[in-house]
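Per-chain numbering from 1; labels A, B, C, D, E and F assigned in written order.
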Amino acid sequence: MQVGLTSYLIVAALLFCLGLYGVLTRRNAVAILMGIELMLNAANINLVAFNRFVAPAAVAGQVFALVIITLAACEAAVGLALVMAAYRSLETIQVDEINLMKW
Amino acid sequence: MGELAAFMILSLVTLIPAVVVVTSSNIVRAALSLVPTFLGVTGLYVMLQAEFVAGIQVLIYAGAITVLILFVIMLTEGGTGVRTRQLNDQVPLGAMAAVWLAFVLIVIFTRTGWPTAAGVLPAYNVVAVGNAFLSDYVLIFEVTSVVLLVSLVGAIVIARRED
Amino acid sequence: MNLASLQADLWTVAPELWLLGVGLLTLLLDLVVPAGRKAAVGLTAVVGLVLALIPTSSMVLWQPRTVLFGTYAVDGFAVFLKIIAIVTTILVILSATDSMGRQTRFEGEFYALLVFTALGLMLMAASTDLILLALSIEYVSLTSYVLAGFLKGNPKSNEAGIKYFLFGATASAVMFYGFSLVYGLTGTTNLYQIAQRLSAAPVPALYLAVALMLAGFGFKISMVPFHQWTPDVYEGAPTPVAAFLSVGSKAAGFAALVRVLVVTLDPSRVNWVLLIAVLSAASMTLGNLLALPQRNIKRMLAYSSISHAGFLLIGVAAFRGDFGTPGVLVYLLGYTFTQLGAFFVATLIGSQLGTDEIPDYAGLARRAPVLALLMAVFMLSLTGLPPTSVFLGKFYVLAAAIDNGLLWLAVVGIINSVISLYYYAGVIRAMYIMPAASEAPLAEPAGLQVALGVTGLGTLIMGIYPQPLIDLARSAAVLLRL
Amino acid sequence: MPKVLLDWFYVAVFAVVGTLMAVLPLVVVWLLAPRADLPQKTITYESGVIPFGQAWAQFNVRYYLFALVFVVFDVEVIYLYPWAVVFRQLGTFAFAEMLLFLLVLLVGLAYAWRKGALEWV
Amino acid sequence: MLSLIIFLPLVGGIIILFTSKTNETLLKGIALGASLASFVLSLFMTALFKIGGGFQFLELGNWIPSLGIHYHLGVDGLSLPLIVLTALLSLLSVAYSWRIELRLKEYLFLFLLLETGMLGVFAALDFFLFYIFWEITLVPMYFLIGIWGGPRKEYAAIKFFLYTLVGSLAMLLAILVMYFNAQPHTFNMLTLIEQQPLAAKPVLAALAFWGFFLSFAIKVPMWPFHTWLPDAHVEAPTAGSVILAGVLLKMGTYGFVRVSLPMLPEAFRIYAPAVAVLALLGIVYGALVAMAQTDLKKLVAYSSVNHMGYVMLGVASAAAAAGIPEKAVAAATALNGAVFEMVAHGVITGALFLIVGVLYDFRAHTRGVDEFGGLGARLPMYTGITMVAMLASLGLPGLMGFVAEFFIFVGSFGIFPYLTVVAVTGVIFTAAMFLWTIQRIFLGPFNERWAGLPDMDTREKISLVPLAVLMVIFGLYPRPLLDVINAAMTTLVAMVR
Amino acid sequence: MPWLIELLKAIGLAVVIFTFLAVVAAMLGVYLERKISGWIQARLGPKHIGPQGLLQTVADTVKLLQKEHITPRHADALIFNVAPVIVAVAALLDWVVIPFGKLGDRVLVVRDINIGVLYFAAMASVTVVGIIAGGWSSNNKYALLGGLRSASQMISYEIPLALGILWAAMVAGTLSTVGIVDAQVRQGSWFMFKLPSPIGWFGLPFGILASLTFLTAATAEVNRVPFDLPEAESELVAGYFAEYTGMRFALFQLGEYGEMFGMAAVATIMFFGGWTEPHLQPYMWLLVTLGCLVVAAVILTTGLRQTLLVRPILMLAGLGLLLSLVMFFGTRAGLSQVLPSLMWFLAKMFALVFFLMWMRWTYPRLRLDQLLTLSWKVLLPLGLLNLLATGFVLTVWGR
């Protein structure tokens, strides 16, 4: 059996769904962020796989993946800073306990 | 044959720790499980002949983002060692959503005829990436620096104390 | 590499480069300006932004084209939204010069970040490349998270920041996944090439990609069902930031949405018109219904902004013909003035009275008659009563809907307009009808006065004599299509 | 197998073998070393004092600030790698591009520096 | 000239905004001056008006040319009386409001803004402009009710606002439907009448018709859209009620005659019976409910429902006869009656509300019909004017109301005979209602509580006497007014064919 | 079955290199460290087991193998065990890309990965995770604090480290380690001294700056004095491995020394020409010979002879004498390669290791704030500027 594009896409899809599951079920803000990172990785696998199989002539997919990695890093930096700030003033990072505002 | 085996192993290396990441009741273990996941993804990149991205994946994801996450865990609730409930009440819902989405995605992916082209990737893709960044994607390249700058400034502002 | 063409292209990004310079200057200036005089930093930023308007607006009538290897569009549409972004930023900075200094010691960074965000919004409006689009959307998101959580001493602001971040990052991740599928279906990241190649793409995957991408755009424009963050963030964020988010991010989000949908996706292959129409109706209705019971003005404006997003989506769904795209632009501009004005009043009340509750606006008509009058005008404008700017916008999008045979959507729109009257009138009622708790007049800081004046005049002038703006929007609606 | 894959095949083998060889002495120890389950032995070391409280509740945002600056500059560096490889073929313009890129980030560094994010107090 | 009439009040209002709050006399003076100027100009215009000359005093200017929106004004025999009526009632209301103290500046500004809006509605010949003026009337009215109104002012104000906004937005849709079906796209009402863009598209025509219908019917208000009216009328300050009943309601019927009838004749013809039935229900229901009221203001309010029913009956009849040559005369008659009734009702009901106000605002502070009694002897002047107004309202021959109702019945009988017969019985209820009211207030045993009640003062007389005189004059000699109206209506009916 | 052959080759190489690391880097490294420290501190160091105490570390290893593994109470046992393995394996993986020398036309390198130096930097960065994991899983205040401090330091110095790597990569125009050495061969000199034409020898200051940046960062990266703050025995009770005993502890040591040797190797490759022989004119070698002779003579003839410190220096001088003489005659004879390249590589690497150890025992430990200031406020700007200046010189000025 040949390892084709679809195989990679399926792995990425599973990773994406795992990440989504994490985002939906976690209480801890940092854990949610980890779920998000998994989702971003899934997107990157897609991009690199497509680059390899769909459009190998250029490296657009790889460039895109690099940009997403960059953004993931920035997101982590900013997001975790927010988590720290929240922890300092609210003394929790469990998102379901961060609920000063309700409709 | 070897390729398939490698692919299977890498997939498992990616996915099994990922399951730990999203289910472990110990947040530090979850965070540390990110490392094998990222490395597994690195392996997949390598199989896809994107070794530059693979290197960056290790450097940034495993070496920087994970560290950052670990730091924050240490500095907040993980550092106290207190085991708090990690999952909320949406577990069945989330599981259903994830499984359903996975099903949909896989069905669509397997049935879609992707437009595969036969060409080959540039042999030395660092050079290709460099050329892309410095010519075709020059704007993206420059904007990236601004994004980094604002992230830096913003995160510093947020992380520092007000007094 | 063709150096000559690149140098020529540099002129087309002159406003962006200028803004980058202004941002850097602001940031550096903040390092040397002593505490207590940080307003000077804000003023520098304002001056820089005003100057940026000159090169930007000179581009309105340029021949549409893409520059920098096809990654960036110079068309009227982008330029129009750039102008909105810059104007918004100017006004927000002006409105913040009074109150931010008292609330945080990071005032200088605040202005700098706003300038940088304006840059991001401009990029978002003009990106014609998926990568650049993703980058700029995320760029704006990142600064927005920071701005929302800017007041670290304030738990609500913290909460706003963290919620915004978690929702936003998730939405971005989903959107990137969608982008990756689009790339996979076409093998290119250039929107125009995508447009050509998508015509042969398999449909189910295309639907999937569209749905995933809509998550990201929907988040930016706070479209149902990606709207949950809106009220909490608007309530918790510093009021000028809430104003900025409700206008700037939304405008840029629409820019990106319109570009992706209208330029790249042939509705005959993915029936996104119906999808958008349904989402539009849902946004309008849900936003309105949830706005009804609100007592906090920022929360109310948040829900109302969801509903306005729905209205704007009418224009997107009805993109065919002479009304859709210009309608979105006109609506956005009108909404910009009005919504900003409303938030500025809220800023002033918040900083003077320390409250955001609508009942605390009681008797404002006596304490600050001009302010109350302006607020009344803004509220009526948001309802969509003539002769105000949002009326014109609503008129336009409703016209577009009818022009495109989406009569049902127009009906939903007007029903929602009526519902919205109820809560907007609630503010007027508080200001004019309810008795005042105190008769003491309110101080009105200079920066805010200027900002309020501009928004008020904008709201009214656009309502009374919109011809120049309509001409502008029409020429701007020449969205570059290949 | 293409050369690139072979390269990384070696890396993988190295990782696996290395792990095995690192675990091997642990196993040997497990087999050889004596074991005596004295409860005192597993008390964490705290300079001879009976430990109190959980490991670490102290809160110091400094660590985070450094990690944060690190992440940003680490990302910056990944953009330097491809540039370093190709800039001589692309010439002056590529250099100017990188100059702008770094200029922006140097402003960031100046900011962090001046605002004391790089101080350990 | 027309622009001057319309915008003079607004100019006055803006001047008021920039005048010191404390100088009340000046404020009042400006307001009075502005509305007086407007009124005088409207009279002047009337003098220059050529009967049967179609639209006159046309003004056409570019406004938003890229959308085909123009600043387009003009008057014909339909709008002229209404404009004069508006100017007159506004003037009288300003005069009546002399004693307002609470937030005078805002009050006067809003009032003048309202006047501009109303005048604009009647003069606009461009749909966009029409719509804007239409909407402009809502806001000041909301404030007038909300700030200066009675105990339930907030509820009444928002109810009024919501109802009418539903209507106007429906109208906006209808306007847009018209716009997009015209070739070229235009908002010009005259062009649209000529083009009949929806003639060949029955479904769209029906939609547009119902859109307009909703808007106008709420404004009129027709049963069952009338529920905002009693609240608004009762809670509004006196001058507000006067304007509301005297002018705002006419905007609805004016819309039917100006828009629905000529632009969508086919659709209107099809649905005319339904409209007529609703009108009839309004007539009967209005009268019956009014009879049951003990609150004087409410009573007058419901009588408005009743009277507007007559107007609508006339209009519906005319619509039903559209395109049928042999019924053209009847149609014209009915329309003449309807328009005349609009003017008459404006004058009469305006007067009635002022009358209630006289009693309530500064004297008795109650409007309970049953609390009075035997005032006739004590307040002769007041009683006299009230009697004239009420009798005019119930359609006593020789007074204004009679002429109007007579024409309506004559006209509509030829078209809806059965309905008309029922409607005529409605007149009986109306009469009964007013007579009973007169009896309860002015006749019967005197309630000693009101022993110190003074008669009307000069200002009140200035407000009321002209109206009473008008009722009598046009009751006895309706010809000049009728000629004006008739010319327009005949053209209209001819055009519809 | 070509892949099976490759597999066996890979396993073989892995075993060899791991053994090399364990024996040379860790065991010999520890021994050298103790010896050199002894020398610098004017004492003898290990002496009793084996000749000159050479077998001391072997004995220590045997001892460690018999030690009981204690897992602290409440520790996370799994992570506690995995952490040292991560560190050790990361150190091992560094060696995949390091070329030891040249045999004929074949470069002695496990694999010449085309992103070699990037790979190296990536592997170095993984170590941090292991250290934090180890510090956290011990459930010990000191260990956690030590782990965090260590991690802070390592990440702080990763950027200057990367800048140093980038400098070399930029000058060579490739990321491959072999490519970098080849570039130095092509221009005939080490990057530390000479840049490609048209700069040539004017590149000296840039090269020295870059190599200093890299070496400083490398020292800090492997937590060595003056940057050994994280494991300061007196303050933090050995830092993140406070709770580690027996072989687990040894694995950390292995990782650390492996990493140190790796750094030295990479520095050799990037700045000191890797396996290449120094190409000096014969008379230069003669001068070196004379220098060594003079040193030896001065020591032997003056009172310095009495001091304890002198013997190692004397040994070194003797070694230098021998070497330069061989080189002199070799080059005179017209040999292009006088001594095997592997030897040159090891010599340079050990020289650097020696340098690092020398630093360790000469300089006092920095305070944490000094340490971070050095990284962020000195090395980072300096590295960046150096990079830019070199880039400028290479492209713009050079044209």
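Everything that follows uses one rule, which is that a residue touches a chain if its C-beta (ideal position, glycine included) is under 8 Å from a C-beta of that chain, and two chains touch if they have at least 3 such contacts.
The structure presented is a predicted model; accordingly, all values stated were derived computationally and were not measured.
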Q | Shared interface partners, meaning chains that touch subunit B and subunit C | A | A, D
(Q) Based on mean C-alpha positions, which chain is nearest the centroid of every protein C-alpha shown? (A) C
**Q.** Which of B-F and B-D has more C-beta contact pairs
**A.** B-D
Q: Quick one: point me to the chain whose Cα centre is farthest from that of subunit F.
A: E
**Q.** Inter-centroid spacing, subunit D versus subunit A (mean Cα positions, whole Å)
**A.** 20
(Q) Nearest whole angstrom, what separates the Cα centre of subunit D from the Cα centre of subunit F? (A) 18
Q) When the centre of a chain is set as the mean of its C-alpha atoms, what distance in Å lies between subunit C and subunit E? A) 43
**Q.** Whole-Å gap between the CA centroids of subunit C and subunit F
**A.** 55
Q | Residues within subunit A bordering two or more other chains | A | 9, 16, 19-20, 23, 33, 44, 49-50, 54-55, 60, 63, 66-67, 69-71, 73-74, 76-78, 80-85, 88
Q. Using the touch rule from the top of the page, what residues of subunit F touch 2 or more other chains?
A. 3, 74, 113-115, 118-119, 125, 136, 139, 144, 148, 151, 155, 158, 175
Q.
Once the touch criterion is applied, which pairs of chains come out as touching?
A. A-B, A-C, A-D, B-C, B-D, B-F, C-D, C-E, D-F
Q: Sort out for me which residues of subunit D touch subunit F in the complex.
A: 1, 4, 6-11, 13-15, 17-19, 21-23, 25-26, 28-30, 32-36, 41-47, 51, 54-56, 63, 66-67, 69-70, 73-74, 77, 80-81, 83-85, 87-88, 91-92, 94-95, 98-99, 102, 106, 109, 112-113, 118-121
Q. Touching subunit C in the complex: which residues of subunit D?
A. 90, 93, 103-104, 107, 110-111, 114-115
Q. Considering the complex alone, what residue numbers of subunit A touch subunit C?
A. 9, 16, 19-20, 23, 29, 32-33, 36, 39-40, 42-44, 46-47, 49-50, 54-55, 60-61, 63-64, 67-68, 71, 74-75, 78-79, 81-83, 85-86, 88-90, 95, 98-101, 103
Q | subunit E-facing residues of subunit C, complex | A | 365, 380, 383-387, 391, 395, 398-399, 402-403, 407, 410-411, 414-415, 417-418, 421-422, 425, 428-429, 432-433, 465-467, 470-471, 474
**Q.** Of subunit A, residues touching subunit D in the complex
**A.** 66, 69-70, 73-74, 76-77, 80-81, 84, 88
